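Each of the next two complexes has chain A plus one more chain, namely chain B in the first and chain C in the second.
On to the complex of A and B.
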């Protein structure tokens, strides 16, 4: 195979504007799931309920949009559901002392059957619910930016939640490092005793962080059901809650880190879609791809990080050796 | 006369212990009131009740004559009470300034005003003469600095009542003197101070009155000028205490530890130990004196293997251990009591039993193959508990419920009991009461006489001088001099600790040397 063929393949399947757009679009729910994991992890809580909360968000977004035929109302309803589910989760695990892992698993399992059940009762269908009344988000073309060659194509033309997500990445960073609340949250996560003795209400901070995670998750859910697709499908969260935890870890608990590591997931997901059309590789393998690649990359970069730290130390040691 | 603080009939029970038993405690406005008592006597508990972190099972608290009920420490902070805790309550990844202002950040339009944070911290640091670098991260700071940050944290809130729970435990003598100046200036402005310490020197130097607790009970309150260390010791312990121990002549044998041209980096990858060579023989104690932060911690961690040496060689009985893992070194006969017991010495959430077998859990008779022998573990624990007089309701409690001093005894018990060839003890009596200090010193001497090589690192000159057979002074990562234990004088050591050696080769320009000397001697 000579290089021109390779370049051709790379262009076709990997590096083209459509793929970059796809990457940004498909990474959106992962970024949100990552922020959902981040906001609780930074408060010292291991929250595995993201998956279930995303699913609820997706369902309520569809319900809201179906009845009002307005995608933004759908979004608002989803956010509300996120606050309620997050609030209940916090109430049981933080206030009443239920084990937070068990509670998280319970929510994840409950979300699957509850949404199936509600779809059947409310909409009278099973498996999936699509209807012309459900309004999805429509793309927004940003004036000026959309006319820039190439870049315009990459930066403009997405739906509202995509832009909102970018904004949230920025806002979360500012929140964590520039506001008293964010500082309190980090202090609670790292050293609850220190926070408590300084008069910070540790329980309240944790409670609110779980509620915030519910909001992030429900945003992810509404993007899945009103942006990525239009309609509700059983288990449509498809593990993104867990991938969110992975990208958070990988991103070092930083919003920008979450953003960047989610792009990786988005990119493989997009490539997977392209390959699906070509029917070269078995479809199950392709659906596995984004998860698999994310996992491998996470492992690789984590090992790399340790190696870099070691290399710095080795260099110092060599210097010391050379000095004598 | 109304008291500033009145605690009446305070009772606080924990599972299996009555930490405070019907304690009456009254403090006058503007006084410095020392609170003393053995490890586990209930001092911290009483203060945590006053600070609102614990709710008493019985009793009342009055502040300025008004009865109060604190549901949490927000209530007590609102009443003007500030507390410096015995165990540091700091956020490691935060900067010094962020820690000091935590929970009370100056803000503008909802955003933290970072400049104001720094400036406020610099201001109070200047005002109280406690020097800190506002931008350093806590995790990179030696414990002495961390202690300062803790104190500044309480001062930042401008409390009317300041509780200091063993603030001098990790301070050098001159840092302690500086702190005393601060405390005196605070009292001059009308602040009331409660001061917990184990050092009678400090009680006598700073307090107006002193209250003694024993086994959770109030024993007595005295005017400081009407009492003396001997009487206080008797009130605390309930028997006569030797305030100084007699030591027999050392009988050194073969060389156990040899360190050659060791170089070790600190967390920031700076050279903390530059070029250290030393040796310790079986049956002798080598004391390392020096102002804290001159490489002591890195030296210890380098020898036990927590830090990799970037250059140099470490040998035990002639065999190089430089490349060995911590576990291998331990198996080779090294034990260590680290300076920071909360982080390195114990697993705070593990039980006392588990903490006591960390050293030998994989060896008979504690385990057989892969199976732990629970009965043996319990026996092992109760033997050490009684041998080392660890005050605890049972061997099953988790370590974090033990009082500070008793936690230290847990580490000592485990490490000394391993019967090492080389015993490293860093700040072994930090936070211990007089009775326990006497006891621990005797234990260290016993280990020596049994034939262990002992490396003693301590910021307490008195301790180094009374225990060591030889003393090496560490200054900026180098050993600037070694003297015989019996012959050293405090002045001589003090000069060396400031980096001035006999050969007159000053390590700094003369001006700063003068400053240093006047501070440190």
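On to the complex of A and C.
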């Protein structure tokens, strides 16, 4: 394949404004799910309930928007549901000593059936719930930025949660590295015993981190049901909670890493959509790619870490030998 | 006098025996008490849900029971729903007992199913060879799919939970591709060709038209029960089972005791994956007879829950799987006759799991009670403590 063809393909499928916009849109729920995984992972908790919490968030966002016809009320209701579900999850798994993975699996199954059940009982429909009363988020055009030639098209014209997500990535970074609470959180994640001897309330930090993950997940859910689509569909989270875990691992547990690797996911999604009609390569392989890369990255990082640790150990041993 | 002593010793022995049996029984009772309490509590919360919806819980529960165990047909439907769950529950129990969380049962189930389907339709063999070969393909497929996460965990120490979730998704997309492109039979639907007659597990209806009318129950249940008995025997009476259990209880201790960790651990996980895959192929050969893309989901996760419900023991998780299958069958009938969504059952099972976890809740409340020195105020103290901010100065 000569380079001009490659450039042409790249331009057609990757680097054009519509594609990049799609990438940023599709990566939004993934970023939020990634932050949901990140905030608990940094506190030393493996939280697999993100999937279920996203579903609850999506449902309650729709319910809030349906009854008040205001998308922002929907968002608020979703955040509230995230706090409640996250709080209950934390209560059972951290205070009552239930295994957190068990609780995660239970909540995921529970969320799927509970949302289907509630859709049928409250709204009286099965499968999907769409209604003109549900207000979705409307796009916001940022005054100055939208007039910049190409960047304006890429950076402006999204709905509120998209901007909120970008802001949250920034805020999470600041929180983790520039605030005492963030330092406490990281300390708890790295060595709970050491943190405890420093007078940090480990249980409380973990409790709050799980609640925060509930909020991130519900934001992801509300974007899915009020921004990405308008309405609730059964199992509309479609594995994004787990993708969030992959993104967090792949991004090395850093908010910016989560952001960048989510863009990768968003990109594969958009390319998948574009290629669906073209039949160059089955989309399934493109969809599979991020998971595959995560596995490989995990293996590589772990081996690398072990090698570095070994090298440091050897160096120290040599030093000690020389000193003697 | 020898006769007297022997008599007393016999007496002693029998009383000791009696005590021993009593202890065993009470231990069993205590073990299952938690589950029973959880089920009762979930039933109560479930009834409140039904009252909110405007149904009479007693009627609903009676219908549920009738549709699950009340008639011959109901029993067969329960059997059909329980068969795959038994496999996945046993699979997750084995993993649990060797100290791993196999969240990948879901993916292993599907890979086993597609591998068995391929052998089932692609070869022309006599039944006596074809059926076992298909089952074997399913077992190997599931085991192969469990191999990579296991290796990553054992050799590199990477959490199996993340890796198995990743492999679940890879499995889903791989199978979607297989059923959409290479294995596709017709351009209309994404499904494989139908398996040969020689590879099918007979349904009860095929054997005797009067036996299980209108159900898809199949003889795969006997394969499931055989797996239950074999794994139970291995765990209870063989060196291998002992090693698996020890590794699950304390990996460090068993390594110190001279158990080959790699062999034992990886072996346990492979068997776990293999049984999940076997469940997948049995479901295909018995019920579906061809692989439809995305034909069913959730067997793996439900198996995980059933295993937890059954206390992660082989017999316990089998009973739990049958119970879960019965609830599902009952819920199907319920939806049919009254229009109550069948998801109600997954909600109830979720509640049961939550309340089983509440085992820690009672002791948590008790601890609070002791601390405050006022018996009976545990709940209030708990609520108070939840809502009062702690002051650091006081503790310093």
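We take it that the second predicted complex is superposed on the first by the 266 of 324 C-alpha atoms of A that agree within 3 Å, B and C clash if a C-alpha of one lies under 4 Å from a C-alpha of the other, contacts with A are read in each partner's own complex, and residues count from 1 in each chain.
Just so it is clear, contacts are C-beta pairs under 8 Å (C-beta built on N, C-alpha and C of every residue); 3 or more make two chains touch, one makes a residue touch a chain.
From a predicted model like this one, the values you see are computed outputs, not experimental measurements.
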Touched partner set for A:317, first chain B, second chain C, both or neither: first
Partner touching more residues of chain A, whether chain B or chain C: C
Contacts of A:245 with chain B and chain C, given as first, second, both or neither: second
Touched partner set for A:194, first chain B, second chain C, both or neither: first
Which of chain B and chain C A:298 touches, first, second, both or neither: second
Chain B versus chain C as contact partner of A:96, first or second or both or neither: second
Touching partner for A:15 - first (chain B), second (chain C), both, neither: neither
First (chain B), second (chain C), both or neither touched by A:178: first
Contact residues of chain A, present in both the chain B and the chain C interface: 199, 201
Chain A residues touching chain C - in the complex, by the definition given at the top: 46, 48, 92-93, 95-99, 101-103, 105-110, 112-114, 116-117, 120-121, 126, 199, 201, 204, 239, 242, 245-246, 249, 282, 284-285, 287-288, 291-292, 294-295, 298-299, 302-303, 306
Contact set on chain B toward chain A in their complex: 53, 73-74, 77, 83, 85, 89-94, 98-99, 102-105, 107, 110-112, 114, 153, 261, 263, 265, 269, 271, 308, 310-311
For the chain C and chain A complex, residues of the former touching the latter: 53, 101, 103, 148, 152, 156-159, 161-163, 165-170, 173-174, 176-177, 180-181, 298, 301-302, 304-305, 308, 341, 343-347, 349-351, 353-354, 356-361, 363-364, 390, 392
Interface residues, chain A side, partner chain B - complex: 174, 178-180, 183-184, 186-187, 190-191, 193-201, 312-313, 316-317, 320-321, 324
